[in-house]
Amino acid sequence: MLKVAICGASGYAGAELLRLLSGHPGVQVAAVTSERSSGKNPAALFPHLSKYGENLFFEPLEPAILLEKADFFFMALPHAASQPAVALLFKEGKKVVDLSADYRIKDPAVYEEWYKVEHKHRDVLKKAVYGLPELHRAKIKKASLVANPGCYPTGAILGIYPALKSGLASPEGIIVDSKSGASGAGRQSDVRFSFCEVNEGFKAYSVAAHRHTPEIEQETSQAAKKQVTINFTPHLLPVNRGILSTIYLKAAKKLTTGSAISLYEKAYRDEPFVRVLGADELPNINAVKGTNRCDIGLRFDARTGTLIVITAIDNLVKGAAGQAIHNMNLMMGFPEDTALSTLAAFP
Amino acid sequence: MLKVAICGASGYAGAELLRLLSGHPGVQVAAVTSERSSGKNPAALFPHLSKYGENLFFEPLEPAILLEKADFFFMALPHAASQPAVALLFKEGKKVVDLSADYRIKDPAVYEEWYKVEHKHRDVLKKAVYGLPELHRAKIKKASLVANPGCYPTGAILGIYPALKSGLASPEGIIVDSKSGASGAGRQSDVRFSFCEVNEGFKAYSVAAHRHTPEIEQETSQAAKKQVTINFTPHLLPVNRGILSTIYLKAAKKLTTGSAISLYEKAYRDEPFVRVLGADELPNINAVKGTNRCDIGLRFDARTGTLIVITAIDNLVKGAAGQAIHNMNLMMGFPEDTALSTLAAFP
Amino acid sequence: MLKVAICGASGYAGAELLRLLSGHPGVQVAAVTSERSSGKNPAALFPHLSKYGENLFFEPLEPAILLEKADFFFMALPHAASQPAVALLFKEGKKVVDLSADYRIKDPAVYEEWYKVEHKHRDVLKKAVYGLPELHRAKIKKASLVANPGCYPTGAILGIYPALKSGLASPEGIIVDSKSGASGAGRQSDVRFSFCEVNEGFKAYSVAAHRHTPEIEQETSQAAKKQVTINFTPHLLPVNRGILSTIYLKAAKKLTTGSAISLYEKAYRDEPFVRVLGADELPNINAVKGTNRCDIGLRFDARTGTLIVITAIDNLVKGAAGQAIHNMNLMMGFPEDTALSTLAAFP
Amino acid sequence: MLKVAICGASGYAGAELLRLLSGHPGVQVAAVTSERSSGKNPAALFPHLSKYGENLFFEPLEPAILLEKADFFFMALPHAASQPAVALLFKEGKKVVDLSADYRIKDPAVYEEWYKVEHKHRDVLKKAVYGLPELHRAKIKKASLVANPGCYPTGAILGIYPALKSGLASPEGIIVDSKSGASGAGRQSDVRFSFCEVNEGFKAYSVAAHRHTPEIEQETSQAAKKQVTINFTPHLLPVNRGILSTIYLKAAKKLTTGSAISLYEKAYRDEPFVRVLGADELPNINAVKGTNRCDIGLRFDARTGTLIVITAIDNLVKGAAGQAIHNMNLMMGFPEDTALSTLAAFP
């Protein structure tokens, strides 16, 4: 049994790791940390986790103790706070999946520009692998430190990658219009995320300024083999879970809806968690909620020469905890879909 | 033009007073107070109130200044804080509608037992009129201080009163099972009222312990001419507005659904804001949202001898701001439905 | 591998059976029937079921064919239609769990009064076991035909049973005030269940007339050892899943909240799917959604002598498909929680 | 008093006309038509309209009778059905606001291509004025027939017009990503719009194929003085009301967020129903629900040279009934905001 610790486990991503890992036959959750909820049982915050019973309690993040307790670490700390904690664990030889943004951006200058904080562990950053299995599976299998992608970038990159890689679409003028459920903001005591403010509402936020932008650009630039600059606009949906991204690409080759679908089907043929939809279907977040799946729909607008790619994921699963477990499965040699095969509870 | 001040105006009840008063031809909002939001325009907190433009700003509650500015006061302060502020205004000869609980309970001992705070203005308390117009219209017209009813008591009392007054139902064993939208908790930065915790959820709270219980008992005891003890259970609905109360009464006379409906129709025949539904209809909160209306449906369960009375109100309007304006209209001689005649925006 | 057929599989209960059975290692879904959707793949109606791929298609309900294909039958047909289909399968020696109401009510006269249809298979009815495992586990294990309980009765009976069985509460004057998510109405093309009519709404329906009433009375009468008559009021919640029932019982013995909790804890000590909450917690439907769990909270109101029991279930799981699989596990000797151990995807 | 008839009044747009007209001092609703609901009172379908009491009943659409009853007509019939009915009324000298699509598209060939139906009243079409008051106020005032804009086009055109008119943005490559509440689909008994399918879901639909596309192109082409081709993608939001459109325009001049805001403020300076937001605010549908307001927010993304314009309207008010009443006010000489000045009931 692999002994696992979850650091920063009192938020929604931490709770989701506990939910999913409860179905993993090769893993034992050996420690969960939370400064704020130290001493409490996970079920005290999350009644749906009562299965963990009286055997697991939040504890403060004390490396010396955790190094003894666990061999694999899921880090769900705020960015900046994650930097030193991850570096320490990495240097002690532990395997780590970091759910924060700290080790995602390869260029420290870009990280520092968008996150307004210095990167103090550039040596460790160089060893980190960007944990999108569909793009970097081979590297992830050999990695000790995996930077788990952001929720928005996961859906955006999976939607853009095949079109740029194949030259089907131009790397210029890409627009990503994303809509996320409220759990993307975390477990918050902020009036802006209170029920009455979000319910029956809908708005854009962080327009032309969201920190997930450089992450999308980094990965899609690899596909395009040139620097890609993207306009990314996130919106807040009055639902608990799910991100739908509507992506607008300019066609660079002759294409049809059918040929675009074929190309994406080929690109993701062997992927257990990507489903490319046919010409009679479009993605809906309610078909992927609770699952690690990414659904992709495509349409070509011949009138304007625009390829529209629409992706749907669950921000807490494929966009966070599920992808983190997928990465762990790859790093530790478990079958890829272990603990990740349950279906969406629709409706 | 009546100059009106709203004290504690930065919450949902305050915002709702501003919304409704914007349509009142005889009133000018002369001052709004909020310690926390002092210096801000209402539109900074509530974009839907942009109509108030740059002419109105939250200010701290300073009696000397407010006494100059306004002649009529809506007090939307927390309980206990309302006690001295209301007493001062009352003694200065101002007309006041108090939306807090401080002047609702006639017996200070009962108030102190449920609210765990001393009542220091018992002389003023004696002068306060309980502001449920359907029960106390004549007294309200002559009052200088009206204690605006709580949201739950409004729907509960209107549902129970005719049955007890007429002797149709027994005053023993009354059960009030109420379900309220989330705005009833106020404008909160509390994780328990965050979107993800409330949405797709439903629960009871304050079971057998909610402070609105003695208020319901006080008014229904008047109808029964004996002390009534009620079991009251509130629940949190994942909607913004609305309270539906399902009330269980034991029949004390022979009755049918039809005869009960007739009795209620007679009781509320002249009431502009109460609608008694026929035997083919049941109340829904979505028919009253945004309005000052109380819809009442009735069914007699002959198998168990139970009269079921169901009432629906908007907790922010008939349960707070709308009823407060109704009281002001009565106190100041405006037509009763001034600023209160718009229909629900369904759906 | 047990070959299973689901008859009437194109509704939400059928889809939920498919979802849950996809995680059952001992079962193969050999056939799904639907007249309306005949020829279609489940994924055509339910994209979240795409895992079933191209190997399963809805077919018309033709007994001769189904008898060849499967050995265990889940029947999710409308009441009345289920009568002959179940009788035929039973007489052919198949094992059956019937999710309709047709074989729940032991007294055919009561069934006929409430359902307005004759019971034509009284011999088979006599052999049916009411499938609430917490009450009838031993009989279910030996049964060939199990009548799966209604969604409301499941939560209501589990809430009432220990109090009546132990004599803690009186069998007189019991009130069950239940609130159900919209999936309880099935997959409907009815304007009354359209999004705009349900969202931001809340109402009671079928007041003093709901067909689940005699089912609750039948089972609780067994506990009380006398005929129990109950007032049952269902309400429609604007959520997808979940039933919360608030049950009002008159205390028949001296009790406290603590002693009531202790009694329920003992009653359900060995039950894998019932969780009795402590005095600091109350049930919320969002902690059980997607799961087979029933959460039970208790409070004693000393002022009125009322024991308030609150139960929360997922109407599609513990209230339908999950309980059906639980019954199958018991009938076929699988471990009880097979395919039923996943946790709620909260939020 | 102007005698008004509403044809096709049993849907949400019809109900909204009744709601808003109930506050119009110069109008009397003389007739409402509905084939399906003939003989019923509006309150039978819409309890929130009980104010109309027993004086108004749906009747079949019989021109001879209606011509006697009313002088002003709101036509809320399905497209194609509206063609002859509007033509007849127009030729009889009545004033008409048509809420269908039949008289919006100036070029009958374009209408026929998108709506797949012949336009048989081209002479009348020539006399119709496109009823977006912000663009065509002078013509509307003199018109007898006004084609009320579609819900999506209203928000899209108001967002695009000033940028194209001023040359701030290029007419090439415009993308309109719109998200609409479920009432946009009308009052439907279609399983796809049932509560469980829409709630907690989100999807795009009619991608690159929605019939509102040519309407947006027609009006923005006037601003650009050349043919504009637009990519328009609608999405279905799990809310009752509201459309938020996120519009991506390529800058054609040097600009900043501040300069774009200034230009839009000037463009809409005298408009009673358009509010251009400052650089610290972004539109939210919950601030405009129930109102005739259009909120517009702007951001310039200097990294990509993209001007992002975000507009929020209530699809049933500014996107349908409210704008229709605004047009009537203009046509009949009422003050523009008559019956349209109430504020949003937030939350």
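Labels A, B, C and D are assigned to the chains in the order they are written; within every chain, residues are numbered from 1.
The definition used in the following text is that contacts are C-beta pairs under 8 Å (C-beta built on N, C-alpha and C of every residue); 3 or more make two chains touch, one makes a residue touch a chain.
If you're wondering where the values come from, they're calculated on a predicted model, not measured in any experiment.
Student: Measuring centre to centre with C-alpha atoms, which chain is farthest from chain A?
Tutor: It is B whose centre lies farthest from that of chain A.
Student: Validating interface symmetry: for the copies chain B and chain C, is the fraction of residue numbers used by both over half? Same or different.
Tutor: Answer same: the two copies use largely identical residue numbers here.
Student: What's the distance between the Cα centroids of chain C and chain D, rounded to whole Å?
Tutor: 46
Student: Cα centroid separation between chain B and chain C, in whole Å?
Tutor: Here the centre of chain C sits 39 Å away from the centre of chain B.
Student: Please work out the Cα centroid separation of chain B and chain D, and write it as a whole number of Å.
Tutor: 36
Student: Residue numbers in chain B touching 2 or more other chains?
Tutor: Within chain B, the residues that touch at least two other chains are 12, 183, 196-197, 199-200, 238-241, 284, 286, 289, 347.
Student: Under the definition above, what is the set of chain D residues touching chain B in their complex?
Tutor: Touch residues, chain D against chain B: 12, 15-16, 19, 22-23, 46-51, 183, 200, 240-241, 275, 281, 284, 286-291, 295, 341-347.
Student: Under the stated contact criterion, what part of chain C meets chain D in this complex?
Tutor: Spelled out, the residues of chain C in touch with chain D are 12, 182-183, 187-191, 193-200, 238-240.
Student: What residues of chain B sit close enough to touch chain C in their complex?
Tutor: Counting only chain B, the residues touching chain C are 173, 175, 177, 179, 196-197, 199-205, 207-208, 229-231, 233, 235, 237-242, 244, 246, 248, 250, 282-286, 289, 297, 299-304, 306, 308, 310, 312, 347.
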